[in-house]
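Look for chain A in each of the two complexes below; its partner is chain B in the first and chain C in the second.
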Partner chain A sequence: MTRLEAEPVPRDLVDIGPIESFPVGRLITIEFAGRTIGVIRTGTGIHAIGNRCPHQGGPICRGIVTGTMAPSLPNEYVYEKDGEIIRCPWHGYEFELSTGQSVGGAVRGRVAIYTVEARAGRVYFALRRVPADSA
Partner chain B sequence: MRVKVDQMDCTGSGMCELSVPEIFALDAAGLATVRADGLLTGAIVTVDGVAVPAELEDAVRAAAAGCPGACISCHESLWRRAMSGRPLLPLASTRASLKGGDVS
Partner chain C sequence: MIVDYDRHVAVDDYARLFEHMSQSWRKHFERDEFVGSVRDGAAHIRLTDRFGDEVLEGSEPGQEIGLSVAVPHQGLTINGWADQVAAKAFIGALNSHSEHVWADGGARRAAILVTPHDPAWSARVIRDYGAARQFAAVALPLSAVLLGSEQFDPVYEAAVETDLPLIVHFSGVEGHYLGAPPLSGGVHRTAYARAVLMPQLAESHIASLCFGGTLAKYPPLRVLFSGFGFAWLPSLAWRLDREWRTFRHDVPWVRKPPSEYVFDQVWLSSWPVREAAAEWEPLLAGSQAQARVVYGSHAPFDGDTVADVRAVLGADADDVLGRSGVLPAVMAGARA
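This part shows the complex of A and B:
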């Protein structure tokens, strides 16, 4: 008899809980290897970010998850990427949750993005940086 | 004194490179690294770090204190630190900023 085996989980991935414990749009912080990591599900996937703002090191995981105003014509207001942006509580700089890049390139550098995956109803995290070009 | 950068926490702001280009540089991935004999150490995190010339020690300490990612660590002999008159433990304000506390 042939039994279908689930895809093996890479060794460095750590189970951090059921996917139900990470509601869409709500950033959950975990402590991992002495670091505070923010894990959030969005409309585009699940992301894990570091807790330091590239501007002055603010605790960005305490910021609000929001969207941002896109460049537009005078008297036009375009709000986009709702739920895909986090705003640092210290100075209000905004960063994309998927890449860590600053919105509009306002700040040099990027928020650290780590590896996180959802598999078979569980969320797995690895303390491994996601390269900027593949984030 | 020896210094090292943990790229796991680096935000790539480039403040260290601006402050002490003789010691720090951003690598191809945009993350800070320490220069050793003119080469970039990249993601290699050595236990001991890279030796810092005496004339650059204060600048490196300032860069570590101002690093947004708090990913620069300096290691020095406690004996040498005591002889230099500096406090043996980081100041309370430095500790608070390293922990990512609120602005006060």
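This part shows the complex of A and C:
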């Protein structure tokens, strides 16, 4: 999630590097307070996800970033959301990078989404979960 | 009301069908290898239950049956006929016989026979008979093409348009006649081995209806798999959902877990009810799968009576015997 740069930086945000360190479409993992966090810039903003698939705990940050197929008529494929989806390396379950929600409601639960911001050329992170209704 | 969705009917002499054929077709069929095939009964899965063993024409549903759906099983065997032109003349005659003899439009109704080898023709037959009160369902034999193939869309559209459920019942020639679907693993030597394995077909075609998108495409479509048993449904539903979760992007037309389509649009008949072994198997008990089972006597072929169902299922028997989802309009009296 991206904030206006004029807003003050919340006190729990930590500078994790220049924005150039986070190329669009490439998930970068960081270690923070003993946890692995995946940070990625996409066409819709910058996102930070936990490294645990809600299905069986797979290391989802090692999954591929991709798009997905939209609901369609039989035998038709409509590819969408390119770069906005991460697919778990264990069982292939797909999740929205912006919300952590399972694509198509395939799995109960969601990938943890953390607070991350880009401002003044820097990326700031907080180990603070973003509620589902505001992710 | 007790509904028997699987009451078998048959002619004891194929010559009885001649009055429902043109003179030309009658002359074509007037040969011993056709007329005599009832006597020989060689095509049926239970070789000891020859078609002619008893006069099925007189096989009436018991008095406790409020509504029965006759399945003319001789017509199902056309899935293995080499001559599909003659097959259509044959099941056309059987449909006419159903209309005039086996069904009365009240407590005794019949399934319209169609062929999987000519969906366009089958759709016309469904529409021709769809409004006739003698018919309450469509009997679609299985071919080697899975039901989730869009080539069957004309049949599904006609069934939805006429508000008739599909009844899928094996003919007995599956697994050894070309044109009928094979059974997995290979060709078994005996009819009883094939009979044991018939549930494979229902599982396979239900998976196809789900992943092919048929059930999603036609939400009003209702499909009853009859004679295949039912105890396998919970594990099938679980496996369908598991694979869908992983490969949803390969079947984006399946918009929710496949089991939800099954538990909304698919039913299984209860025969053989002893598959439930004196009570519902643990996986079935209280499950959504249990609620998909409707009564099918399979009579007179070693069938289950109402008493058999009550003996096995106890207090749950009434739910199975009177479940209305397959024929809601008929049971509500809206399809007089």
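Criterion: the second predicted complex is superposed on the first by the 128 of 135 C-alpha atoms of A that agree within 3 Å, B and C clash if a C-alpha of one lies under 4 Å from a C-alpha of the other, contacts with A are read in each partner's own complex, and residues count from 1 in each chain.
Basically, contacts are C-beta pairs under 8 Å (C-beta built on N, C-alpha and C of every residue); 3 or more make two chains touch, one makes a residue touch a chain.
It should be emphasised that the depicted structure is a prediction, and the values quoted were computed from it without experimental measurement.
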Fit or clash - chain C, chain B, common chain A: fit
Partner chain(s) touched by A:G121 [first = chain B, second = chain C, both, neither]: neither
Partner chain(s) touched by A:P131 [first = chain B, second = chain C, both, neither]: first
First (chain B), second (chain C), both or neither touched by A:N51: first
Partner chain in contact with A:G104 - chain B first, chain C second, else both or neither: second
Contacts of A:P59 with chain B and chain C, given as first, second, both or neither: first
First, second, both or neither for A:N75, with chain B first and chain C second: second
Which superposed partner A:E94 touches (first chain B, second chain C, both, neither): second
Least C-alpha distance (whole Å) that remains between chain C and chain B when both complexes are overlaid: 14
Chain B and chain C contact sites that coincide on chain A, given as residue numbers: 55, 107
Residues of chain A defined as touching chain B within the complex: 35-36, 50-59, 90, 107-112, 127, 129, 131-132
Complex interface listing, chain B residues touching chain A: 7-14, 29-31, 67-70, 97, 100-103
Chain A-touching residues of chain C, taken from the complex the two chains share: 150, 212-214, 216-217, 244-250, 252-253, 255-257
Contacting residues of chain A [partner chain C, same complex]: 55, 68-78, 91-94, 103-107
